[in-house]
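Each structure below is given as structure tokens.
The following pair of complexes shares a single chain, chain A, combined with chain B in the former and chain C in the latter.
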Partner chain A sequence: MINPFEDFKEYPYEKKKIPLDRIVQAKEKVMEQIVEGYLKLVEEEVKDLVWLVEHSRLIKAYSSALRTIQKIDYDIDDIEELCLELDKGDRIPYLISGPAGIYLAALCNNAKEEKIQLRLHELKRAFHFLGYRLPEGKTLILKGNAGDFIGASLSGGKIIVEGSAGNWAGAGMIDGDLVITDNAGQNTGAWMSGGEIHIEGHIIGIGKIIHGGRIYHRGNLIRPYETTTR
Partner chain B sequence: MKLLQGKKVQEMSRRENKHDLLLKEIWAKVRKKHFFPELPDPAISESIDRVALEIKSKRIILSQSFIEDAARHLPIEKVIEALLDHGVAHYTYCPWDFHTHLTLYQKAKKVLKDKDKAQKSTEYFMDVVADTHCFKEKDTPISHLYRHMERGIMDEAIHALYQKIWGVDLNVQGYEEIARKLSRIPYLDRKPWPESIRRFSNIIQGLIESEEKSGTLNQPSPMGQNDLGRYSLEEMDQGLKEFAMATGDPSTFKEVVNDFEDELKDAGYDTNNTMGLGSGSPLDADALFYMKLAENYSLPIKKVPIEKSGSLYPMSHSPWELGKPFRDIDPWTSFGKVMPGITQIWERTEGEVFGEREGIPNCIVVIDSSGSMTNPRQRLSHAVLGAACASDAYLRNDATVAVYNFSDAKHGGSQILDYTRHRKKIYQALCHYYGGGTRLDIEDIESLQDPSLPDMFIITDMQITNLEVLIGYLNGLENRVTAVHIGENERAWHFKRSTKLRKNISVYSVNKKEDVPKIVLGKIREYFGIAT
Partner chain C sequence: MAMPKNREETNGRKKVRDIYEFIRDNLYLNRPDIRVGDEYFNSALLFSLLSALNRGKELIIGEPGLGKTTSAEYVGAMTYRLPLGLIWASEVSGHPEQTEEKIIGRPDLGRLNQGEEVVVWSFLAQLPVKIVDEINRLPETKQSMILDGVDRGNWEYLNDVIINEEYCLFATANYQDRGTNTLIAPLIDRFDVMVESGHPGPDIALLIGMKDRHENVLRSPEYERNFQEILLERQDYHEKMHLVEALCNRFGDHMEKEFHIKMLSKTERKRIRDCMEKLPFDLDANAFLRTMIAELSFCCKYGQKRSDEHCEEGCHYTGFLCYHIKNCISNRFPTSVRTYSQSLAWLMGDEAVSIDHMKAVLPYTLAHRVQWKDEFISQKQAGQRRDPLQIFMAKEMVNEVYRRYNEQGHRIKNALAVAYQALSGKDLEPIEGDHPIYVEIKRDIEEGR
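Our next item is the complex of A and B:
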């Protein structure tokens, strides 16, 4: 009887090992660690799936996030991919914008790279607290709309939002620049004590209490007023 | 002079023969390497000058001039083998089929928002996947070919990527950042391809834009364009069917079909047998969506109604009692005795025979397109899908279909399509959306009635102003009526209750597209013995 697969026998079939295999595998491993870190943070910080924005909780969540990411060897591509994973929700069962933003901020602040660009155009959700405590020497470019508290407690870094920002943009910022190319929401710059906010689009409202710093609207200084109280 | 020309012609013809023989030899090797793909024999053509190869109706055609150019750096056998490997991998691995091609394009378009850019990105993505598959899994000289190739901006970046993910030197400098970002994509994992091309497009967006600025966006890549000409008509038909099912969204489907309208026509996509794709008729793409989506479902029609014959036949046994007729006694099971308790009699039952009404009658499809119904052009309309599936079922069974599409019929919001087998016309009538009030005109439906008692398929959310009139009308009909209500509401329940006693009216509820296949057309409850 003739073996119908006789012809196949002659061709030695040997898969090569190529660098792509290693790169994808390594990337997967890092992503697993990052996701695990986020889930751990959520478990620690979020009770009953509710997360209230309080100053002390912010500090605690940020410190916790910093501790978690210390052992992970990641780069900016991993951060961008985490944004996609959080948005897709295949691997991450729940997205809570506050802790997710704090976690992303911790990742950005501790990234090896000085310039970080996140493409948020296609994301269905907006992350809050991106750029929280961004230190001097770092630039964060957000392509697309951002959520609330963008650049909160900004500590000398530069944030460029190529889109609109939500409420409380630059809240409590200490130093640095926050540039919003489109609109900004309510309480922009509330409690800020230093640095500059530049808004090119429409501003819904400025924070009532501003301790310092400057806010520019389409290039014109709007805070402090000439007679403003500090 | 003439002698010189003659010599030249002879030389060319000798070279061509040599190339053809070589191609034949290498093709046998390549086929074996790729496990004997079902592709026609390739050819070499002089008319292709801008790209290395073309694939038309599955046939790989290599460019003579490209081969000769590349043969200056590489043995000609290697050049031909590399080109064939590239072409075959597109067939055997990526895109594999028309549906995958459309899906990849749609994802790229979502990022790049422009047809030409999305096409470019899709082509490069498919090239990367196919070539990487080849390089990893087969013994191919493709990397040697790429080392000596002329490159544009995009090709430089893609070859920088190959350097990184294949671990070979292709003489490319720069593009490290892009190559690093692109190298993270799992090209050889088929499942996440839609997500992968999204990321791929995102990363190369800047490069594509710079190609656009330099005016080279529409130039084909050196390895040739992955256009739709490679697919057969059957593949296109099947691909559109799968794509409609996978997207489930008329606007996405329409966008892609409109983008490829010319290509589909050029490829000979039959506009008469399937669907008109004529320019300036955007509704056609909507109708095509429902047409292709409906092809994924097959609704059963009760074909042969069984009628009682009136004759009684012995069916089962029961004990004989005094007073019961002797003629029904079964002597074989009564041990030859006539004694109550021992003797058994036959129980008779009415027999069933095939009646006169065999086959499938024609059908009147009544569809509600009022404001409370989903606009089929914007979102998936379960009503249009249900009506389309029902129409298809009747057409498949050689019956004809009439359509009554209504919204506010008293004020001109209705459309009647007389009995026809013209699928395109039926779908266009079904897809028409009035979006007004909901009032039907019984006279319109009555005008479609005929003595052969056509079946009636009515699909609505039951928010009809004159629902009582409809109920009264249906209750007086002898036709088989399949009524489908979209969503649950009080009026749907009222309709169900009011038609409960009628055995020729079957009522179904559709809340999601998965409910559509549960519909049984022309069901008569009597012969099932259960109430719907």
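Our next item is the complex of A and C:
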């Protein structure tokens, strides 16, 4: 059949652009930058594919993550999208839980929004270190279960886990609130020096060393022990 | 030694321009009323010349005595090397008593008495320059007699037929009075262009009045007799035309030698046409013409314009031409635009047909083809203007479509390019926009996939 537009064969054409296309394109670009940042972090931090939770490594990884994300113009949806990508593993070849959590925490802490809500209940895995160093003024709501070290080194922010938390929840937290609507694992509140932890479900174990702060179980203060006069 | 082709082309163009200037300065004096590039022309003379070169058909309107017929006669004589008297002899006048026998041909009565059916063809049917004077005085029923001849150069009488290899047609029409009839739609659509031979103004009119009207350099009684003898001979039409051509050449040589007037030979006309036909259209001209056709044929409700269907109030496309016209533009329209724009671009010495050439040609190819709605005519007819209403409205319409094209030319071209790719198999969505052209392109893609 004759193509009646033959005269325009060589004319450089542009595809139809609809607003959604532009949004998707922009989102794609941001996501590429975020994923690239994560892979860079992993490359720097996990040279032998083993990552041990050590205080100095945490600080180094977090600083590196902060530098990486500085120039990325992202929002909460992008953080949630990264969680999905990490969970699916299609675009990200390997997931190392520690750096992944630190990276997510850096993204949350530096997001433009004050209130961050991540829907995690459909994910197969739980991320560690979410809410690490969450600063004052920020609220992180996690819908679904969280991994280990949730709210570690919490620095004045508020974390609400609408699900269960793993071990070491609120470890080393300095200030702020950590609310867990379901269960908490071992060493909850270990090395904490300030702030409050509220747990509504079971607690497998409380941290042996606690420098300060309060832990409540179903509204009752369980750490420090209340002093009673006999 | 053969002349280089580009020099031949330049010579051909110079000859045509010389013809235009000779007629403009000596025979048909009038005001310039059309601008192309930096040059001004008289539209009646310019389009007559292009019609003669193009094998076109021109309708010339105007008041009686303002040179409608004479402009065509001069152009016909000079571009086809025919003496003026022969052109006069071949002219047919429109009037209610006109017959097929006078226009096309009649039986050879002597041969008929001997039992032979032989047709004596009219000069009009035989000669390449055809002039029908006052065509709108032909009753509507008789207008259809010349339809085929006008359209294809195909003349039939009894069981005989002649087909003109090369011809052009000029018809003149007066403004409506008691003696005129409406030109039937199929006939009027066959004209490529319509121009007005207007009043030249008092100063030029006085100059015309001071000239001796019985003296004309293009007349040659001797040659006229020789031509008539050939045309009246009872022999095969094609053989006669060879003789006519040879005589045309002798007449041309005579005019050049005696009066230094250069006329065009058949070979030159053919060479010029070949050059014109090769001129490409630039993409803007191409897209602009598509945009114009879209506005003249589109109807969002009924799929296309139809004379018996009327679009309603509140249509989304009320701002476009489709809302103001009754009929659908014919397929003869783009053909007319193409040939006349190419010939104008050639005359101007340009390498390609551009929007400027097209803008100059479009009003004259459209004026007679568009049937405006009455309410739109009433809005426009009282305004100040220099052109007859039909041409004035056509010019306004072209400017309006051009303005719209100017605003979204890039998008339209992109839509056409995307359409090409989509119909070539690429998975692309048609470009959308606020103009009928986008809807038409989308429809072509959907129906072509």
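Heads up, the rule we're going with is that the second predicted complex is superposed on the first by the 210 of 230 C-alpha atoms of A that agree within 3 Å, B and C clash if a C-alpha of one lies under 4 Å from a C-alpha of the other, contacts with A are read in each partner's own complex, and residues count from 1 in each chain.
Here, contacts are C-beta pairs under 8 Å (C-beta built on N, C-alpha and C of every residue); 3 or more make two chains touch, one makes a residue touch a chain.
This structure is a prediction, so every number in the text was calculated from the model and none was measured.
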Touching A:K15 in the superposition: chain B (first), chain C (second), both, neither? both
For A:P4, decide between first (touching chain B), second (touching chain C), both and neither. second
Once the structures are superposed on A, label A:K71 by its partner contacts, choosing first (chain B), second (chain C), both or neither. neither
Quick one: is A:K112 in contact with chain B, with chain C, with both, or with neither? Answer first, second, both or neither. neither
Using the touch criterion from the header, give the chain among chain B and chain C with more contacted residues in chain A. B
Determine, under the contact definition given at the top, whether A:E122 touches first (chain B), second (chain C), both, or neither. first
With both complexes superposed on chain A, which partner does A:V24 reach: first (chain B), second (chain C), both or neither? first
Both chain B and chain C touch chain A; at which residues? 7-8, 11-16
Across the complex, what residues on chain C touch chain A? 281, 283, 286-287, 413-414, 416-421, 423-424, 428-432, 441, 444, 448
Over in the complex, which chain B residues touch chain A? Could you list them? 32-33, 35-36, 110-111, 132, 135-137, 139, 164-167, 180-181, 183-189, 195, 198-199, 202
Touching chain C in the complex, chain A uses residues 1, 3-9, 11-16
Sort out for me which residues of chain A touch chain B in the complex. 7-8, 10-16, 18-20, 23-24, 27, 77, 81, 84, 88, 119, 122
